[in-house]
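Step one of this worksheet: look at the structure below.
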C-alpha cells in the first residue's frame, strides 16, 4: 500500500499530483469529473516527461482511501472540500483494516470548514492535517508552493516528505485547522494592504508629475520592494487588470480578516481603510479584474463596458 | 582641475567621500566642523585601505568651488543644506573663470528648499542637480546607495560617473528638485505603510494564537516578503525598538505626504489611517524608537520609563 | 373582538402596553415568564394612574391571536422574536375564523429574521408589519417612540391609530421588513459616528488645554448640537460610563452596517474608522460600558477592575 | 468717551455694528473701503429701523482708537485682521492719554495670528480679547452669534455687555487667542465629521432602496438630529450644493485640526477618514460647492461643467 492518493484535479491539484508522480511516487488520483482526470493523464503523455511512478485513476474517493495510507486533497472551495472529505471517509468508516491513514487537505477553507473536516476524519479514525498553500499554478507546477499547516505533530511528520516534494517550504503554525486558516489570512492581509498602498503611492506619483516608471523601478530596488510590488506596479502603470487573483476575492479575504479582528476585539484601522478601497474598485466595475485594479479607487476609472 | 568636491562629512557624507577617494579620484572635502574632517582622514589611515586618490581638506566651501568642477553635498537637514549651498556659491559668484561647474545636493530636503538652492546656483551660473538618496550608512559605505535625481539632463550626465561609484542605481525622475523630493517621499509612503500593515498583521497573529515566528518566516518566503518586512518583523517580535529610523521621522514624512495629497486634491485614506498609528506610537512614548515600534499602536505597550 | 394584543413585557414592552391601556384600549397581554406580566399589572395599581381600559393576562400567545385582531410584539432579540411569532401563529393557523388579523413586530431584528416572521405570518393568513422603534424606555413610557415601518400600506394603515398612541412619529420606509431593519441601521450609523466624533473632539479639547465644559456648551448651542451630543458630552467629561446602550451593541450595529456596505459594494470609510474606535474601547475593558465610553479610545483609560 | 468702535464692515461686521447701534449705543465705524461704510449708513435709512445711537464714520482706524474705550474688529482673514490691528494701535501708541482701552477681535484667525495681534496690543498698552464667532450673517443680524473668547478675565468682563447684545451666548474658553482659535476649530471638527457621516449614511440609504425622505425625517426627530443634519440632509437629497460654507474651507479646517492633532501627538483617525472624503469631493470639481457636497464622495457625481 505504497500509493499516495490525490483528490481534486483542478488547475492546482493536477499539477501537484504530477509533481508527486514525477518524484517516483505511485499516485492514485480521483476527481469528481472523470474527464478531467483523463485529461491529466493525457497531459502526461503530451509533455513526454517520463513519470517514474504510475498514475492510476480511481472510480471513487473511497477507493483511494482503501488503497492509500496518505491522501492529499485540493478542492476549489469549502463546500467541495467538505463534500469530498465526506465521500473519502465513507459510511463504513470505522470498519477498520488496522491501517493508519492520514488525510491532508490543501484546499483554502475557513476555520469552521476545516474543523468540520477534522471532526469527520476523527470519527473515521483517520489522522488529519490542514495544509492550505500560498502560491499559484506556476509554483504548483514547479513544486515551489508554501504549505501553512495546522494539526498535530504526527500528521505533520507523516505528510512532510510529500509536502517537501510539492513545496519549497512548510510550517506548522498551530495545532488546528483554524490556525492554518488564520495563517493563510495573515498573508492575505499583507497582500491586500501592500498592493493597495502601492496603488495609493502610484496614483500620487502620477498626479505629482513624476516619471512613474522610474519611481516603480526605485521601489523595486529599495528595501520595501518585493516580487509583488514589482509585478503589480507594472500592471497598474499599464492599466492591465486581466485577472490573476480577483478584486472580489481579495476584498472577501479582507472582510474575513476584519471579522476576525472584531471577534478578537482587535482594531484594524489600516485594513479597514484598505477594504474600502477594494470596495470602491468593485463599485467601479472591477469585481472580476485583477486585484491590482485597486489602483482605480484613486483614479475613478471605470472598467471598460460598465456604467455608473 | 580634476578634483571632486565633497561638502558635509557626517555619518553618510564621510562614507560617500571615502568611496569616491577609493575609486582613484582626488577628493577635496570640507565640513563646517574642521575636526570632523580630520577624523575622516584618520579613519582612512586606520582602515589601512589604500586610497588611490588624495583627500585634501579645504578651509572653506568657497575653496572647494574654486578647485573643483564637480561638487557633491550631503547635509543633515534643509537648513544646513541651504547654508552650505550659499557658502559654496559665495558673494562674488558671477566673477566667472570660464569653468563650467556642477553642484549636486544629495541631502534629503523638501521641494521648496531644493528650489531655493537651485535658484542660488542659477544666479551663480552653476549647474545644479538634486540627488537625494535612499539607503543608510551601510549602503553608503559599500557604494550601494540609490540616487533619486531631479534636474536637467546635462547636470545628470555630468554627475553620473560619480553617482555610479557611490550608488547601485540612479534615476532621473523629473526636471526639478521638487521632483526629486517627491520621489523620495514616494518611497517613504511605501515604507511607512508596509511596516504599519506588518504591525497590524503581527499583532493579530499574536492575538490569534499563531506561531508568530512561523508566520513571519512564511511572509518572508511569500511574494509580499521584502528585506524590510523580514528585518522589521523580527524587531517587532523581539520588542527591540532601538532606533535605526525613528517613529517621529517616519510620521513626519507621512504628514508631508498627506500635505502633498491635500495640495494635489488627492485623497490618501490608507496613509491617513497609517499616520494615526504612528501618532499613537508617539503618544505611547515611542517618538524616538525605531519606526517598527508602530507595532505598539496595536498592543498599547508604553516605552519603558515613560508614563501616561 | 376589540382588544389589542401585546406580546413581550420587558423594559420596553410593559411600558408600551401601559400606554395603550391608558388610552382607553382593552389590552390582552402575554409574556413568556408569567410573573413579569403580573408585575406589570401591579405597577398599574401602584402608579394609581387610572387605566381606562382593562388589562387581561393571557395564558398563551395563541390565546392572544384568538381574541385580538391587532397584536403588537416587542421582544429582546431576533431569536425571541421568531419564537414568539411562531407560537402566536400556531400550528392550526389556517383554520380561519374569517377574521382579518394584523401582527406588528416592534422588536429590533435583522432583515433576515424579519423576512422569516413575515413568511410565517403569510402562511398563516395574517397581515404583517415590521415596526422597529427608535427611543428607549423613557420615550416608551411617554408614548414618544419613533416607529420605522416596513410592510404593505394596508397593514400600516391598520396599525397607525395604535402606533400614534405609543409613538411621537411613524414612517413607512419601504415595503418589507428588510427596509425597516435597514432604516433602523441608518440611525445606528449616525449614532455611532456622531458619538465617536464627539469623543475625538472632546479628547482633543482636553489635550489642547481648553475649558472642556465651555466647549461642550458651545457645541450644544451650535447648529451641530443635538440631544445626543449634549448628554453624551457630559458623560465623557465626567467619565461616567454606566450603561444605557452598551459599547458592544453599538459596535455590533456598526459591523452590520459595514456588512451591508460590503453587500451593496458601497465603501464606508468613516464608519470603518469609527468601528475601530469602538473595538478599541472594547479591548480596553469597556464592552459593557455605555457607548459614550468610545472616548477612552483616545485616552487609553482601561475600565476599572480590568487588566491589560 | 462713550462711543463703541467697530472696524470692518463686511457681510458680518456691518450687521454686528448695526445691532450695537440699535441697542442705543453710539458706534464709531471704520472700514478700509470708505464706500462700504457709507452703504452701511444708507442701509440704516432704508430699513427705517430707528437707530437710537448715532453712527459716525471715522477716517482712520487710529481715529476710532482715540475716541473709543472699547473697539470691536471683524475682518475677513488673518492678513486683514493683522493689518487693521496694527493701523489701530498706531505708531505713537505709547503716548498714553491715561484711558484704558480694550480691543476685541472677532475675526476667525489661526492661533499664531491671534498671538501676534495680542503682542501688538500689549506693546501699545491696550487690553486684548480674541472673540471669534460661530454663526453666519443671519445670526449676526439678529444678535444671535456665539462668541468663543480667549483672553484675560478683565478684558472679557469689559467686553461682555456688548457681546451680549451681539450674541446669544459667550464663553471664555482659555486665557489666550490660541485657546479661542482652538475652540473654534473644535466646532469645525464636529461640523465636518457630522456632515460627512450624514453623507455616508444618506448614500447608503439611497443604495439600500429606502425612502430617503422618510429616513432624513426620522433622523431629524431622533436624538442625533440637529439643525445641521436637517438642513444639510435636504440639500444632499436635492443635489443642491449652492455654497453657504464651501468644501474647500471645511477641508482646510479639517487639515488644521489634523495638524493640531499631529502637534499634540493625538491620533484623529475619524477626522482623517473624513478629510479624505472632502478631498474626494474637491477632486470631483466641488471645491467651491457647499460642504454638503461631501455626499458626492459616495456617488462619484462630478460638479456640472467639470471634467475628469
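Letters A, B, C and D mark the chains as written, and numbering starts fresh at 1 in each.
As a working rule, contacts are C-beta pairs under 8 Å (C-beta built on N, C-alpha and C of every residue); 3 or more make two chains touch, one makes a residue touch a chain.
Labels paired with UniProt names: A, B, C, D = 2-hydroxy-3-oxopropionate reductase.
This one's a predicted model, so the numbers in the text were calculated from it and none came from an experiment.
In terms of C-beta pairs in contact, C-D outnumbers the other of B-C and C-D.
Distance from subunit B peaks, on a Cα-centroid basis, for C. Note on chain placement: the centre of subunit C and the centre of subunit D lie 39 Å apart, centres being C-alpha means.
Rounded to a whole number, the gap between the C-alpha centres of subunit B and subunit C is 58 angstrom.
If each chain is reduced to the centroid of its CA atoms, subunit A and subunit C end up 43 Å from each other.
In subunit A, the residues that touch at least two other chains are 261, 266-269, 272-273, 276-277.
Across the interface of their complex, subunit A is touched by residues 251, 255, 258, 261-262, 265-269, 272-273, 275-277, 279-280, 282-283, 287 of subunit C.
Contact residues of subunit B toward subunit A in the complex are 134, 146, 148, 168-169, 171-174, 179, 182-183, 186-187, 189-191, 193-194, 196-198, 200-201, 203-205, 207-211, 214-215, 217-219, 221-229, 231, 257, 260-261, 264, 266-274, 276-277, 298. Listed in rising order, the residues of subunit D touching subunit A in the complex are 269, 273, 284, 300, 308.
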